[in-house]
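Same chain, two partners: chain A is paired with chain B first, then with chain C.
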Partner chain A sequence: MAESTFGVLGIFKSGADLLKAVPKVKEKGFASLEAYTPYPVHGIDKAIGIKKSKLGILVFIMGTIGAVSAFLFQWWTSAVSYPLRIGGKPYNSWEAWVPAMFEVTVLFATFTAGLGMLFIFNKLPFFGSPILKSKAIAATTRDRFALLIQPTGGLLDVEAARAALLEAGGTDIEILPAPDLTPPGPGWWARNLAGIALVCVAVGFGTMWAIKIFPTVKPMVEMENQAKLDAQKADGFFKDGHGMQLPPVGTVPRHYMPILAKSPDQAGKDLVNPLPVTAKVLQRGKAGYDIHCAVCHGYMGRGKPLLDKFYKASPANLQSSTVMNAPDGYIYFVISKGKGSMPSYEADISSKDRWAIIHYVRALQRSLHAKEEDLK
Partner chain B sequence: MSEGTVTGATPTSNRVLAGMSAVGLAGVVLTYFVEGPARFWADWLIWFVFLVVVALGALFVVALQHVTGSVWSVPLRRAPERVAALTPWLIPVAAVALFSLPVLFSWAHPGASHVRAIVEKSAWLNYPFFITRLVICLVVWVASYRILVGKSVQQDTSRDPHITVMLRRFSPVFMVLLGLTITSFAFDWVSSLEAVWYSDIFGVYLFAGAALSGLAASTLACIYLMRRDRLTKVTADHLYNLGGLLFGFTVFWGYIAFSQYLLQWYANMPEEVFWYKQRTVGGMLIVFIILGIGHYFVPFLALMTEDAKKKWKRLRWVSVWLLFMQIIDLYWMIFPLLGKNMNLGWPELAFALFFLSGGVLVVKRAMEKGSDVPVGDPFLEAGLEFHL
Partner chain C sequence: MSEALLPEALRVEPLVEGDVSLGGLDDQVRGWIERKPPRSWYIAITITSLVTLMGFTCIGYMIYNGIGTMGNNIPVAWGFLIINFVFWVGIGHAGTLISVILYLFRQKWRNAISRIAEATTVFAFICALIFPAIHVGRPWLSYWLFPYPNVRHLWINFRSPLVWDVFAVATYFSVSILFWYMGLVPDLATLREATSSKIRKGFYQILSMGWVGSARNWLHYEKAYLLLAGLATGLALSVHSVVSLDFASSIVPGWHMTIFPPYFVVGAAFSGFAGVVLVFAFVRKAMALENYVTLKHMDLLNKMVLSLSCIMTYAYLMEGFTAWYSSNTFIRYIFANYVFGDQWWAGCLTIACNCIFPQLLWVPKFRRSVPVMVFVSAGVTLGMWMERYTIIVLSLHRDFLPSSWGVYIPTPIDFGILLGSIGLFLTLLLLFLRKLPIIATSEVKPDIVHYQSMKNGEVDHG
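Take a look at the complex of A and B:
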């Protein structure tokens, strides 16, 4: 036979007939067989000698990669790159990551199974086996069982194959021509990719349009709608109708002891910095300084504000001899009560933190006015 | 099919098993007097619950075949039916276990009336209702055993196909009863040890272990009979299905176990999470890790491939391992009650010897009676022709 064939196909009436026919056909020397049945016939894959699919191991490997990468991703985002304390749990909370690990495992595994089946083992993008164009295909989806003899290596002896199938009890023998296996040209690719792009654009615009026309339903509003006091809003909970309340008369918040001195000079005489100069206190002071003070006084305290182009105010130069010679109590009073256009920071910075900031300011001053003996 | 050896004299192996059980019993009794009642009752409870889960698991496997109308499983259905022969023996073990109530159960302690959470549960946790529930459970289980297994054995001689129809109608009813009784049993006998603690999913957790243990014991019984040429027509394809069920229920157990842990860990409620805290500190942390890896990942990976489920050697060690893990699971749940006294030692070996050899003896004696396959089942021939 000069013409190449896809195979020779015969029809059987039942799964049992098909199973009986397989060894008879094999006896004649035809090794490459395929069966088409309306439902799984138990034992058929063993009979025709289908090799175990390699898809399983591929799916296992990809599933494992999915689990490991999901773990590493969550570990890196929540414990390394941007550690956030959530629910009082440690950063390294593997328990919370398991659901996502499971999902990604399933995602990788199923995509590998689906796409691997289609592209690696079913050899996409070649669509349609010649069997789909055969006369037998309709019957094999109903109540008939087809056995196909395919060429092993070279060409198939069509007449011998037909005889073998007839002898094994097959009917309606059909010879299927070889499929056209030329790879699809650029036109095919262009058509298909353009089609996919068109669908994406249509779905995108469709969604946008749908959201504009139909009112969107907010999912999970329980947390938003809970009964709570809102600091900036009216509320019937308190008698005066305000959500935000002043402290009761005669009370002082913890860590915010009011300053008793009447003037900065008096404070300079009366008050002594209660904190020791330790690395921890300086760290705390630096944090407070950088948050509250540096905006106007500058990170080095030179009095050059970060926003001086927009604000015409001229903040004090903390490196000046006036501030350097001022006692700690004086600076404490200024932070607490403000001076000139500087507002009071009494409510924002705890008294302990104010003292820590003063230590840090002293360290800043010393860093720019180092004396020879500091080197020793 | 080949008949089991029915002889008047007791086989030597049975006498050995009885002897081992007697030695174990001596150790069990000694435990009470040497190590004190708390250790004794904790061990007794572990083995009581273990026998319950294996027996009920086997009944579940039998009923599952009837509910699904499985044909493939007919030739090997006698294996779980014979493992279920443990069911009537639950009555004496449960009767003894009742004496553990004042020793181990926190709601039965004199100080319990001062704990609000326990007082709120007192409508459920009190002696009369507790014992009533135990009696109801035992009646349901033994009666179901008599129906599911008794009728099946009866069919061997009567060859009446109506019995198959009747069992297929009874099994869904049994499934509902099993769900209710095992949930109540799990709440009563394991979770009420710490009466303050609660977990809605706990009944499902014990059921997952029961299904897995019942399947593992049935698989072992099946392989035991196959190795002695008493189930000659059962093939690797039948084993594959058993392995598939083992694999599936392994995942089910892992899912349930982790769900319970994750929710309580996340919510971090003091009345819930203390239970896990007690069980993840010190030596118990090691047991916890062994449980997670051994009860889930080991059988999951061991049974993953198609070939693994067909190999009887693989199935045998996985089944033994799963039963061992069930005991570790119960040890992990029950032993932390003992506080500092929760070491492993000779008492645990004695209990294992007593209950294991006794249990194996019961199942083995059940195997000596009657036919090894349900010869009267009309689906037997179809089941023997099963191919993957």
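Take a look at the complex of A and C:
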């Protein structure tokens, strides 16, 4: 009996009547009370013994999280991920981040207050409350006030509760059956999960359409379709039919240092490696070597191409005595101007990187021809 | 002590009038939603939606053919679109101020007008948000305004006031919708129980989330309302301050002033209250709200308009004083140009509408006269739009170098988009008035109870 009853409900005419009724019902020993009113009746929470709302604590915590995360996010984007010097200020000048930080704090706090009240503290949306099915609800959302006596510790004397409510001035006594709390079956789960999946797919396609397809229709593409020269495309504007024109004869790039020597031997006598041997230089040389040289000369410089099955030429063995004894300038000349079937790498590798690669090649040679004193 | 025993001068005018009851209010609110609207409503919404359609056609034409179809160009790169944005954001402030700041000050007269005022906030913001979105030139890329991880490894510049603006306006818009919805939940539950139609019942059931109005529900609800009110107060004050920083952090004479943030906030509240007075002057009659929104409410709203007009006048004088006291040739010139320059009518209209006409409201009879308040509020609305025109166009078209001076001539497209936004606002308002509870019943009901007990002579001034 007690387990199948949600509570016993009585109707009162005004908020004042309701407030007067509560102590009378309490005297009878009913401790679990709830009131249903069309507007907040002040004092009812104290009368029936509801603790103060803890919403404020949650809002404070979430607001703090909003402030901290907004600050960290702005610091990370402006000073770490994409540092941009603006107005000569340091990357981490935080004063300018305050407005956005304030707004995010308020955003977090307000949404916690509004949605936290509805979803967490009031446990909405919930359509299973027995009150929703009662006769009283139409009146209590309009102009009547209801007091509900609920079971204490699972026990409720329905008749005594009815008598107590009547005595306190309540009318239209209603006994509400307990809600059906059996967990939802697999059909419910399937329906809801399928619905969520459908929404995800629809949102995904919608987003794809909005950022991939929509921007490719007119007039969104007008900016790309304007009259202009394209570097990689033919164009009738110039006589030679090329969109991009070659620089005039004799044009020299900035920081370009021409090699005056006419032969590798001459270069070997003229040029000295300007770079010191440091770990940084060697690392730079290794990176350049692995990108540009290792394909043909092999990672250890033995002249065995990584693509030897397809590659018919025979690249130089950098571990041979000829190369080991050749001066740095000689190798520099070969990298810059090419030799045999090796093309010039002048345009691909900067002068500095060429010298760094040479240091790295020397290190490779030393590693395969180590002498006894190297071990000390 | 009974109210009736007091001398007339000391009596407190009630917040509601006539034959009102708790159930009667519910029936009236439900009646607006369930009854067939009158013919005048259909005529009104036909006109406003046609104007809206015209506005969106102008926007489409502008997007297809480019920004050049509007009047803005160098040196006046911010034309009607930014004026309209600032104008609508300003109108939107009143709803928050009424429902939030007046709530914190325990001004009970706000209860009857808060719902419609909040609705004007939301609708004004919808109008306002259109403008920056189309002003960026390629509106289909306006999501670039937000920081999101992208393949270009770029982030927005958080040191730019325009980015602060994005955060402020986006926050304000979402918070005002949340606040509005939260207030609607109990009223939707009332409608759910009152309606006879099954479809409506299901619809309100979902929207009200199964609200039952238990003491625990209300406890958390009131706490959330108070917290939101406190937070939204700071938000409302910050938003137009941030909008003003778009101007104040540049070096254009007439913009580069420390008074701008408070000056903009007051201007926003001023135009917003005038907008609310205009809305209620018509809605009161059309929706038979006189019992709940009495002439006392209009009187109080007009007092707000009057006091804000005085603060506005002080701000104008202070601006002028700053210009003179700065001894800066350029700033002095710009301020003289506002009222004596080639577009002197803009500055003069601003002062007439915002400072001079509202002084009529010192007369108590005028504060309760609908024609006068419509005249003054319409004037303030126009005057605040002209103020933004003055600030934006007149400051930009005469800057430091006379060689870069120019003229600004708005095109029909500019006017079409402005009219369209007004049409959109009114269309949304008309739909709202017929489809959602336009009075916050759970807030007005205690006032009705208080009024009834006062009539019966059993008042406790609590």
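Note that the second predicted complex is superposed on the first by the 204 of 376 C-alpha atoms of A that agree within 3 Å, B and C clash if a C-alpha of one lies under 4 Å from a C-alpha of the other, contacts with A are read in each partner's own complex, and residues count from 1 in each chain.
By our rule, a residue touches a chain if its C-beta (ideal position, glycine included) is under 8 Å from a C-beta of that chain, and two chains touch if they have at least 3 such contacts.
Since we're looking at a predicted model, the values are computed, not measured.
Visitor: One more residue to check, A:V104. First (chain B), second (chain C), both or neither?
Guide: A:V104: touches chain C, not chain B.
Visitor: Counting only touches as set out at the top, which of chain B and chain C does A:G88 meet: first, second, both, neither?
Guide: The answer is first: A:G88 touches chain B but not chain C.
Visitor: Should A:P184 be classified as contacting the first partner (chain B), the second (chain C), both, or neither?
Guide: A:P184: touches no partner chain.
Visitor: Is A:G340 in contact with chain B, with chain C, with both, or with neither (first, second, both, neither)?
Guide: neither
Visitor: Is A:M117 touching anything from chain B or chain C once the two structures are fitted on A? First, second, both or neither.
Guide: Touch partner of A:M117: chain C, not chain B.
Visitor: I'd like to know which partner A:G43 touches here: chain B for first, chain C for second, both or neither.
Guide: first
Visitor: Determine, under the contact definition given at the top, whether A:A96 touches first (chain B), second (chain C), both, or neither.
Guide: both
Visitor: According to the contact criterion defined above, which of chain B and chain C contacts more residues of chain A?
Guide: Tallying touched residues of chain A, the top partner is C.
Visitor: Based on the superposed arrangement, let me know which partner A:G56 touches: chain B (first), chain C (second), both, or neither?
Guide: both
Visitor: Could you pull out which residues of chain A sit against chain B in one structure and against chain C in the other?
Guide: Shared contact residues on chain A (touching chain B in one complex, chain C in the other): 52, 56, 87, 89, 96, 99.
Visitor: Over in the complex, which chain C residues touch chain A? Could you list them?
Guide: Chain C reaches chain A through residues 21-23, 26, 63-66, 138, 140-141, 143, 147, 153-159, 161, 163-164, 167-168, 170-171, 174-175, 178-179, 181-182, 185-186, 189-190, 192-194, 205-206, 209-224, 227-228, 231-232, 234-235, 238, 242, 245, 441-443, 445-446, 449.
Visitor: Touching residues of chain A toward chain B in the complex: what are they?
Guide: 42-43, 46, 52, 56, 60, 87-89, 95-96, 98-99
Visitor: Show me the residue ranges of chain B that touch chain A in the complex, using the header's touch definition.
Guide: For this pair, the touching residues of chain B are 258, 261-262, 265-266, 268, 304-306, 386-388.
Visitor: Mind listing the chain A positions that touch chain C in their complex?
Guide: Within the complex, chain A contacts chain C at residues 14-15, 34-41, 44-45, 48, 50, 52-53, 55-56, 59, 63, 73-74, 77-78, 81-82, 84, 86-87, 89, 93, 96-97, 99-100, 102-104, 106-107, 109-111, 113-118, 121-122, 124-129, 131-132, 137-138, 140-143, 210-211, 214-215, 219-220, 222-223.
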